[in-house]
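Following: one structure in structure tokens, then a few remarks.
For clarity, chains are labelled A, B, C and D in written order, and residue numbers in each chain start from 1.
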Amino acid sequence: MEMQTQLLSGNFELSIKNVNNKIVGDEAMQNKYNLENLVISKPEELIFGTAPHPVECGHGLVIGGGQVYPEINFTLPSMTIEEKTWKEVRKQYTTIIEEVCQRAVTLESSGIVVEFELLPPMTINPEWGAEITQILRNTLDDFYEKEGLRSALRVTPVDVRDSERPPRMRSGKFWEKTYQSFEKCAEAGADMLSIESTGGKEVHDEALVHGDLAGLIFALGSLGVRDMGFLWSNIVEISARHDVIPAGDTACGFANTAMVLAEKKMIPRVLAAVDRVASVARTLQGHLEGALGPTKDCAYEGPYIKALTGVPISMEGRTSACAHLSTIGNVAGACCDMWSNESVQNVRLLSANAPVVSLEQLIYDCRLYNTAIAEGKNYSNNYRRLLIESDIHRDPQAYVLDPEVVIKISQKLINCDTPLAMTFKAVKETINIIEKAYQDKELELNKGDVRWLGLLKNQLGNIPKDESSLLERIQSSPLGDKFLPQEYGI
Amino acid sequence: MRLIEELKKAVIKGHANVDAAYPPDMKGQPGVIDLVNKALEENVELKTILNKGLIGGMNIVGEKFSSGEYFVPEMMISAKAMKGGLNLLEPLLVKEPSQKLGTVIMGTVKGDMHDIGKNLVGMMLEGGGFEVIDLGVDVLPEKFVKVASKHPDALIGMSALLTTTMENMRETIELIRENSLDNKIIVGGAPITEKFANEINADGYSNNAGIVVDMAKNLLKIDNK
Amino acid sequence: MEMQTQLLSGNFELSIKNVNNKIVGDEAMQNKYNLENLVISKPEELIFGTAPHPVECGHGLVIGGGQVYPEINFTLPSMTIEEKTWKEVRKQYTTIIEEVCQRAVTLESSGIVVEFELLPPMTINPEWGAEITQILRNTLDDFYEKEGLRSALRVTPVDVRDSERPPRMRSGKFWEKTYQSFEKCAEAGADMLSIESTGGKEVHDEALVHGDLAGLIFALGSLGVRDMGFLWSNIVEISARHDVIPAGDTACGFANTAMVLAEKKMIPRVLAAVDRVASVARTLQGHLEGALGPTKDCAYEGPYIKALTGVPISMEGRTSACAHLSTIGNVAGACCDMWSNESVQNVRLLSANAPVVSLEQLIYDCRLYNTAIAEGKNYSNNYRRLLIESDIHRDPQAYVLDPEVVIKISQKLINCDTPLAMTFKAVKETINIIEKAYQDKELELNKGDVRWLGLLKNQLGNIPKDESSLLERIQSSPLGDKFLPQEYGI
Amino acid sequence: MRLIEELKKAVIKGHANVDAAYPPDMKGQPGVIDLVNKALEENVELKTILNKGLIGGMNIVGEKFSSGEYFVPEMMISAKAMKGGLNLLEPLLVKEPSQKLGTVIMGTVKGDMHDIGKNLVGMMLEGGGFEVIDLGVDVLPEKFVKVASKHPDALIGMSALLTTTMENMRETIELIRENSLDNKIIVGGAPITEKFANEINADGYSNNAGIVVDMAKNLLKIDNK
């Protein structure tokens, strides 16, 4: 923990909150994150279904306790959300949750996790989000009682602080609404709280499309970490009051934006891969504040978080193609504890509504994971190898998710002095490892990616490493007026 | 002309001036600003510098991007380098309408904060010779109307990334028409389809920043030479 | 072959056509289907990716030659097909095929099979079907030339003979249109021809909802087999003339209707399982006429066909949940040579249009199959076991797809005297094997299914086994006026 | 009454008469026909036999189906057994309008051959006391109009299973209304949604055969006792 204090002071809380949580096992939280050692230090122990610090939630689901559970997400079809459509909105969610639970029963799923990701108007009007939470809660309870379906509900308010430019992170209406949304959803029956938080994104977006490495590092390692500290100390506090699990965050607005842009050939894949690992210190900060996992499904930095902290992680891959295309559809599952579809609109497909279709696919995926676990080491290792081998040689973004690589890089991330130093380390090691893999013909890269590997190395050599010089450089660049330093405690 | 070819190449490579570190392999060589200055000294016609050198270079950049050779950051750098050159020419160019192709009002609609796609489209339009008035994100229908009424000939471009904000495009278009404005309107963003665009009576739609410049020229009836 | 003559005479062609086809290997076709021995007689040889008689087609794809290829299917979103919408129809298919090919290139698929399943108006107007075939053909060729994407095109006219009740199978406008549709699509550039044929379905539908086993057996083992003989001798003849592959048929209108009804809890699962195996003799008849495989994706009777004949098979499972929900999502892949999504409308999902999403999922599935094959026996056996074990103990429909069970039952299906006898045998053996598995606690059944197992056994004991007595019984029942005997050569 | 309870049970079990082999465990016991005859001999009120015995039994069958205990074939068998009993009563029942609840015209729309769902719905309606006129599959809009004009009070039920034939429902409804017929219209089939049903101005929609009888009663304003 001590590592943090050097850089981040003031409103940045470093001790882990003593949450009245349902964590399994009785180790003192303090010991878990000393970050002097990896919690998982052998690649072969970074596996699916089992996490050193499992989390119990909902109707007795133990995440990371030896099974992989499906995490189903869904959203509205094309429609507006307002007073006059609200009845229809309620109806949509009512239908979705009933159909989804019914299918889980038919396919005899041993349990499901439902994620409700609020849409912006539901956070701006916190009662709305709470109302839907309540609907989902009731149906899940009904199915537990009548059909014995075990389940847990993750609720994810929107980070509406991102609604102004430059955004206010610690003050103003939007922060208040975000806070209230957590509070009300927790009251209304969430089992876990999450968010896709956006602190630093206003700088990151701009830096990304300019391929500006200094901007990316600053956005993630300084602004991002600072905001995660502020935000998650609050979420942990709310969670403790309502006896719910503060689960985890994701670098979605950062590294997934990069991934999607790389998919559209807008930025090089190597940049997206570097950005992914650069997001680790940022997402980690939530756990230093007391987030217990499972991490958010779309946090592909999850394997790093699992190695560093031992919390269970949710991941998504081929079955989330409905929400974003990717080149990491299989390897993403190598060490997941939940397996998600990310999101799908409630539209009718030939067989059923899309959320039901997604759930069915997730359940079959989980059957494979869980049968492999049940059949023993030989099977689970073999299956895991297929997941890994089938992806990692084709794309650097897949390569950095190989558990071997995760552990190798994570080894370098411990014992860093500050989160910013950790972020620099992540960038450097990732560039090196990708370069080596390319040279060893372990990894294919196309011409543009090779060119960019050089450009990135070049850039990295010219970025000041201490926070104040970096800040100075950013403030004197066009990125300078994108953010408000005081909103990050700077 | 060798010089103009050199200028074009500097735009393509995104090399702004002799001191610029980017791209590493052109460090120390003259950049866009240097070459524009040189061309001015040699009395090359302004039109040639502009159309053959600067815009000509950007066109190639656009092609390289479309073919997958270039990424957005490279396009950004070239655009910036080109702008540097443009700044030198501007005071010299007579302020004729012919010189700016036209005006585009861009914005992401009410309730929606996604702006990467919108910015990209804006950049392409600027690169293609348009003046872009960027209203930012979460733009209320009233705001579009207000700005459009000041620029009756401008093209309006709207972006929406959420299925829950798509409908605000319809609302915006209706309000624009109710105010008797007949600006041409184009729309885009991941969830938008051509069908939807037709349904809400937009004049154009594209899911591809590459073709937006041509679309804008067509709609504003600008000679597509 | 001789087995057939006893029952089915006349217009029923029994010798295998000497097709000018691209089959790999040089064995005489006659030897392949003696049906005195299984072509694959050991369960461990009924595996994914490899078939004893692979088929080469399209741009050098070898189906069943050691790799599993994705087979992507798609259909129109909600719209009518008529003169005035035709431009839009063309545009839909043009966009779909371009997007799909582009994604296959990005994900470096080693090849794809595209299936174009015509919609009824495209068969009624054979030029329309041919026009779309042409569009697909051209785009596939372009991508082969420009990007090196290997591919093959399967075209599947609709069996519009089913458009009248009772249907005319061998005469009249609808049969003519079906025939022309094959002809024109073959000319327009299909690499393979298939159909989901419906001979006997008019009886089967009715029998199914009445749970009438005699009707099911008669529909499949007598009417179905007779029509397959007639229809496929024609398709084989057309294929020979145009040098395309006569691929295969499916009991979709029969056993898949049963599966979908079982999914909706309308009929018992044991009935659907029995109906599946009862459809084997019917689908087999196409191959006796000269169909070379791959069987149609939705022919879940494929494993039996593969064991009996050695032709490669296309299958579909969890990734076809977009088209029909099922309880056999994993086991269906245990011995597939192609892996399909069955069908999906061209609707926009959050990431991309649905066909692109399906293709991405299929490609990741195929990466797993093919990586397992590449890593060697230990891996492919282990993975195959996961696919099997994860499904077969929960549903009789899954249980009868276990390669062990497939081989066990198939052993009993050879050396039958007639296709009808084969169908009776299939029903009897399936009932027995399900009963035993239930008693041995190898298979869960719910109360209704157990009740029905008894009812089916009971019924089977009271059905006359020879075709003429069976025909008499059917004709004197309400099923009698559903079909025209002369249209089946009776 | 013991006898009526027995009759009800015979309907529920689908045991048609003493000789019927189904269900195996009731072979040799009196079936629906036998019991109706016996009730007639014992002068039980016709209404009681009909409502408490036959329809009462079918109601339980419907419930068992909804709860997943029964499958369609079992429902079919019970329906057939019940009809056997009904045939005995019919000549005795005074032909009053009260006796048949109402008429329903059912059909699968133009271009569509799927009829399993439609038939199921028809069967439920018959079981619920309605007269069903089944027009079959691939029914042209004109045909619906023709039959409806002869039965101005009938409910019309349309089924479509293909996304490409859904639109023919709209067409059919439009033609019906153009012909100034105001029959109530209900629609269904796998691709149909409530939203779509509203859009094409149908009066009712269901994806569930179970609730169709109640819906029909509501729409035809039949007392739902």
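Just so it is clear, contacts are C-beta pairs under 8 Å (C-beta built on N, C-alpha and C of every residue); 3 or more make two chains touch, one makes a residue touch a chain.
Treat the numbers as computed from the prediction; the structure is a model and nothing was measured.
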{"item": "Contacts common to chain B and chain C (chain labels)", "value": "A"}
{"item": "Farthest-lying chain, centroid of Cα atoms versus that of chain C", "value": "B"}
{"item": "Distance between the centres, which are taken as Cα means, of chain B and chain A, whole angstrom", "value": "35"}
{"item": "Cα-centroid distance, chain A relative to chain C, in whole angstrom", "value": "41"}
{"item": "Computed distance of Cα centres, chain D from chain A, in Å", "value": "53"}
{"item": "Per-residue multi-chain contacts in chain A, two or more chains", "value": "75, 345, 350"}
{"item": "In chain B, residues with contacts to at least two other chains", "value": "163, 191"}
{"item": "Contact set on chain A toward chain C in their complex", "value": "75, 103, 106-108, 263, 317-319, 321-325, 327, 329-330, 343-345, 347, 349-352, 354, 356-357, 360-361, 363-365, 367-368, 370-372, 375, 378-379, 382-383, 385-387, 389-391, 394"}
{"item": "Residues of chain D touching chain C in the complex", "value": "21, 23-24, 68-74, 76-77, 111, 113, 115-116, 119-120, 136-138, 162-168, 191"}
{"item": "Contact set on chain A toward chain B in their complex", "value": "75-81, 119-121, 162-163, 165, 205, 209-212, 257, 261, 265-268, 345, 447-448, 452, 454-455, 458, 462"}
